[in-house]
Amino acid sequence: MSYQFEDLKKSCPTEWRDYIEHSFVQQLGDATLATEAFQHYLKQDYLFLIQFARAFALAAYKSPTLADLKQAKEGLEAIVDTELDLHISYCDEWGISEAELAELPEARATLAYTRYVLDTGNRGDLLDLHVALSPCMVGYGEIANWLNSRSTTIRGDRNPYDAWMAMYESDDFQEAMQAEVEWLNERLAEVSPARFEQLTRIFRDATRLEIDFWNMGLNLSD
Amino acid sequence: MSYQFEDLKKSCPTEWRDYIEHSFVQQLGDATLATEAFQHYLKQDYLFLIQFARAFALAAYKSPTLADLKQAKEGLEAIVDTELDLHISYCDEWGISEAELAELPEARATLAYTRYVLDTGNRGDLLDLHVALSPCMVGYGEIANWLNSRSTTIRGDRNPYDAWMAMYESDDFQEAMQAEVEWLNERLAEVSPARFEQLTRIFRDATRLEIDFWNMGLNLSD
Amino acid sequence: MSYQFEDLKKSCPTEWRDYIEHSFVQQLGDATLATEAFQHYLKQDYLFLIQFARAFALAAYKSPTLADLKQAKEGLEAIVDTELDLHISYCDEWGISEAELAELPEARATLAYTRYVLDTGNRGDLLDLHVALSPCMVGYGEIANWLNSRSTTIRGDRNPYDAWMAMYESDDFQEAMQAEVEWLNERLAEVSPARFEQLTRIFRDATRLEIDFWNMGLNLSD
Amino acid sequence: MSYQFEDLKKSCPTEWRDYIEHSFVQQLGDATLATEAFQHYLKQDYLFLIQFARAFALAAYKSPTLADLKQAKEGLEAIVDTELDLHISYCDEWGISEAELAELPEARATLAYTRYVLDTGNRGDLLDLHVALSPCMVGYGEIANWLNSRSTTIRGDRNPYDAWMAMYESDDFQEAMQAEVEWLNERLAEVSPARFEQLTRIFRDATRLEIDFWNMGLNLSD
């Protein structure tokens, strides 16, 4: 038996679809999402990014090889040097100032997913950590692709969320997503059935917590 | 300035009261709580305990002194040797079998609070970890005392939840609670205002996640 | 390919033999070991035990199953509740007071092996941690058996170190050793060649640091 | 009482001087150090750097603020993007190929100091980690300055180790050293006497393990 990332998705097809095709995502594609919901999501996504930077730092610490360490360092850099600033600019376009971002409390859904990832990484090894990160790192690319595959998705000036979709369908993001899938496939190909069973639990829980992150946006929950 | 545990509570009085006097708690005291809600809570509390055992193990690992290590070991033992079995028996009285407990998935509110505690412990030092644990270790004792102070609380055979209250008002639990407060007071007395500010954020977030644990019970959320 | 603990030993036969049949061990068996060397070793072994308690606590934190958590807790208990006290009594027989033990600085060889184990555990998963612990947990039993197999080993009242050998040849210790080997064999049977290669590096480094622990005793190094 | 980094040095003046003015350092300044000793040191220093990268990654993970996270990320970047390559080039000048570096086993003194730093960081908080790193981050700058203050130190073409001294007396390194001292001073100013006592133990042990790193170079020990 040689496992692949697709097998993780197949282990929890309902949760995965509920995440990828979540109402938040659909409304975003249909240009019907409430501005407040998107703004709430954007703000929490900023705090999420900071915790994700910690997750890549943890990955660097846990790396068994120099190649893994360098890869994790690049993930950390991408967030701290580029994505946080992009996020701050994008938030600014939506009327959210950097000062406001700096003072925000983390919503419970943000705490839940990010701390689950971090504890999973500390508890297990680098593969556990990557599996916990994968619903985010791979899922957002799949979401962009799924939105593009729907006839009802509105692109261009008629959809205020067009730039969001453009980011995750970009070559840069899609290549990073593909690289992550390949990294996972290489390691998953070697795991035993018992180990794969453990990893499916992590993948499913992480996906469930991503669903809650969308719920948090829709419900403006703190 | 010499801080005490009471100062942590005063830093987020609304959250603390929302937690101690939560509807779940009130209905439990009034004997009006739905059986299903209590059962759902009980099941998740079992999974919570297992993660709390991990938190005490982490405390033992992080201990700067042998005395701290021994104390953490006792907390770990209390859970693994006593509380888990008590919990299994108590669940059995409520129609929840040990086999069912062994197969349960963790609800998101359980993941959220427990992993927040564990990551906070790994990120910071032993004091950070204890502050994150304190809403549970001290709060449950306060809840029992608060319920006893209310005229509407029903005790004895007329309340199916009487045994629950009895457990947390017991001398054993109240003494453990007091010991925890004293441990915290000793350390808090020495911290700087900047450090105390950090700790208030941890205490408030942990309390918010405890509120969600009650919500999870009431709403039967998974 | 199905690996076993024996394969770890075969991956570094020279280091393993240098550890098991170290001059310190030989002199101890021959009753020629300098009292000061044994006392120095005993003192550091006490500090070593405290760090080993931390390693079992870390194992409990990292446990993927409740069964693993309980096993790690028992290891922690055995050290904190029994072995530390036995060690204190035994040290007392050799003229080393508990007060002296409490004030001892850790020798560099003690720092080296114990912190290597702890970082290896944090960096990897529970198997990495156990492999790093195994030269101690299995090796001491093998040392007792090897000493008993030599014609020059002196047992009984004519050897002041007889009680030391008796401890590690005891049924209790030999059974714990066997249980550890079985735990490792179960997991090693499932690992890939690349993973096994990683584990051999950990096993060899841990064995080298155990050799240094004997050197430290012989050389009275701090 | 307001502590400063200087107070850490004053807590173990003998160890600090033994480290800064070590025979390895003196011989290096006097141009009398054996080529093999320097080469052995250089090789291990490469492996040391990789573990130091892990320590900065751990610092990023543990950071309580975004500013701390960014600072730790810069330390990680400096090592991975610049220092490792500089080290590889410098090793090449001394006849040590990159292929040889990639295959090197870690010497025990390298394992000892680096894993002590990493476990200290995991056990405690960001300040514990920085204190454990400081003998390296500050000490190398002091060593360069001390060498320059000696009349017997030979600079320029007559000393094959001139480039080594030049690196640590450079403005870049001296500024990084100063920044580290300031970071520590800010935090140390706030700690209690009991906490400072803990930190002095970490500082002394880390300094002792640095002394062993020089010994390892001189003795060509593995």
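Lettered A, B, C and D in written order, each chain numbered from 1.
The definition used in the following text is that contacts are C-beta pairs under 8 Å (C-beta built on N, C-alpha and C of every residue); 3 or more make two chains touch, one makes a residue touch a chain.
Bear in mind the structure is a predicted one, so any value in this text is a computation, not a measurement.
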Q | Contact-richer chain pair [A-D vs A-C] | A | A-D
Q: Work out which of A-B, C-D or A-C repeats the contact pattern of B-D, with more than half of the residue-numbered contact pairs in common.
A: A-C
Q) Approximately how many whole Å separate the CA-defined centres of subunit A and subunit B? A) 30
Q. Between subunit A and subunit D, what is the gap in Å from one C-alpha centre to the other?
A. 37
**Q.** Distance between chain centroids, defined by C-alpha means - subunit A, subunit C (Å)
**A.** 43
Q: Identify all positions of subunit A at which a residue touches two or more other chains, and write them in rising order.
A: 54, 61, 118, 122-123
Q: Over in the complex, which subunit B residues touch subunit C? Could you list them?
A: 50, 53-54, 57-61, 63, 66, 69-70, 72-73, 76-77, 80, 118
Q: Please give the residue numbers of subunit C that touch subunit A in the complex, ascending.
A: 61-62, 64, 122-125, 128, 190, 192, 194-195, 198
Q) Okay, in this complex, where on subunit B does subunit A touch? A) 54, 105-106, 108-109, 111-112, 115-116, 118-120, 122-123, 205, 208-209, 212
